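Got a structure for you, questions after.
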């Protein structure tokens, strides 16, 4: 997925770890990701977490599309900050699955908490 | 805000209409905003709506920071699609305010529905 | 649905208006619905809105089950308050539908804003 | 709080464990909590989790009021089911705190996942 995902590439996302239902990603905040307050636009931590959701939820081989997501912004993210996203599967049903993504500083400090619900299609990645 | 907001500029956001507690924005989806499925990354419609939230919630002159947001993805967004975001104030308290942002096609078709809760600081834009 | 829904009956819900994808309900807050602060427990406005969601989303004849819901609590609700819930369909897909429910005082003051996403089963009410 | 909270009493909530920022509760689903499908009304698991949120978020001694909550319904809850709610603090700021509440069967099976954001007032419980 990552090789064709131009926006994840623009974000500069690196994949640290991936297994079924889980992934861990890293990125660094650049000036062009920031808003008028000198801090990262709210869309940056969301987009980063959303990539983690996509990788984790599609890891079972079936297409998964996100239907409803919430994000809590906990502390401001600044230019140069390194961010880690950790996506974990909380529930896996036939049609619906739920993931939590923690966006952290390398110190483990939580900066955003993301919950995503996906719809699992019947189509698979290798068909 | 917009003149210093490099990420909103990267998104190509144009401001169609703004008044207190309200704004209407437009953007066009470019190839570098898309994911591996050939459709816009979920972070694009979120980021676009989040800019609308920022403009509308800061329009009262006090700093507003988003604390909790949810987004429903309704239909896929493709390269070349023109998107309109319409932010409306649903509730304005002294500390907490709530906004709904509709992300639509120019035809009025709803493609994403966003709800944002902001914390209103005591500091103002002109101090 | 209402005739078999003992909890909606406990809440004292009255149906004011119903059509496909829409309903309007009324209830009155009683002492046994309140928490230690002398105000209605957060579960009361949620439950009331959730009944409105169930009625509106099942009105098409197919079984609809809620999968993800958010509620914003805007102002406290007290013993004796009359509440109105207005459920409106925001999006109707084959599998997923989205509803907004406004919980208001009779004056039209918004006290809670609720967004519900449902999964639409293939089974129907009359089979 | 519990001694004055008539609705938590109606739910039959028992307190299994409480410490600062955490609590664990138990309840049993009764017929009058169920909807027309013969399963617990969506408001029941929400209300149960919301009581856990209130106990955990007020455990620091300052008044905390919930402003925005989301709940994912994962599997149906039936008459006679015993439910456990486990509230954990995910983030504690001066004004805003975030809690996750897991609603489980005694086997540990997750039946609902709840995320609550509270506003922390300056007033305390002992004034």
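Each chain gets a letter, A, B, C and D, in the order it is written, and its residues are counted from 1.
Quick note on the criterion: a residue touches a chain if its C-beta (ideal position, glycine included) is under 8 Å from a C-beta of that chain, and two chains touch if they have at least 3 such contacts.
Worth saying up front: this structure is predicted, and the values here are computed from it rather than measured.
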Query raised in the report: Across the interfaces A-C and A-D, which one involves more C-beta pairs in contact?
Result: A-D
Query raised in the report: From chain A, which chain is the farthest off, judged by mean CA positions?
Result: C
Report task. Calculate how many whole Å lie between the centre of chain A and the centre of chain B, each centre taken as the average of the chain's C-alpha atoms. Result -> 19
Query raised in the report: CA centre of chain A versus CA centre of chain C: separation in Å?
Result: 32
Query - Where chain A and chain D are represented by their mean Cα positions, the distance between them in whole Å - result: 27
Report summary line: Where chain D touches two or more other chains at once, the residues are 67-68, 70, 72, 117
Report summary line: Within the complex, chain D is touched by chain A residues 70, 72, 74-75, 90-91, 93, 98, 110, 113, 115, 117
Report task. Show which residues of chain D lie in contact with chain C when the two form their complex. Result -> 1-8, 10, 31-36, 40-44, 46-48, 50-51, 53-54, 65-73
Query raised in the report: Contact residues on chain D for chain B in the complex?
Result: 67-68, 70, 95-96, 117, 119
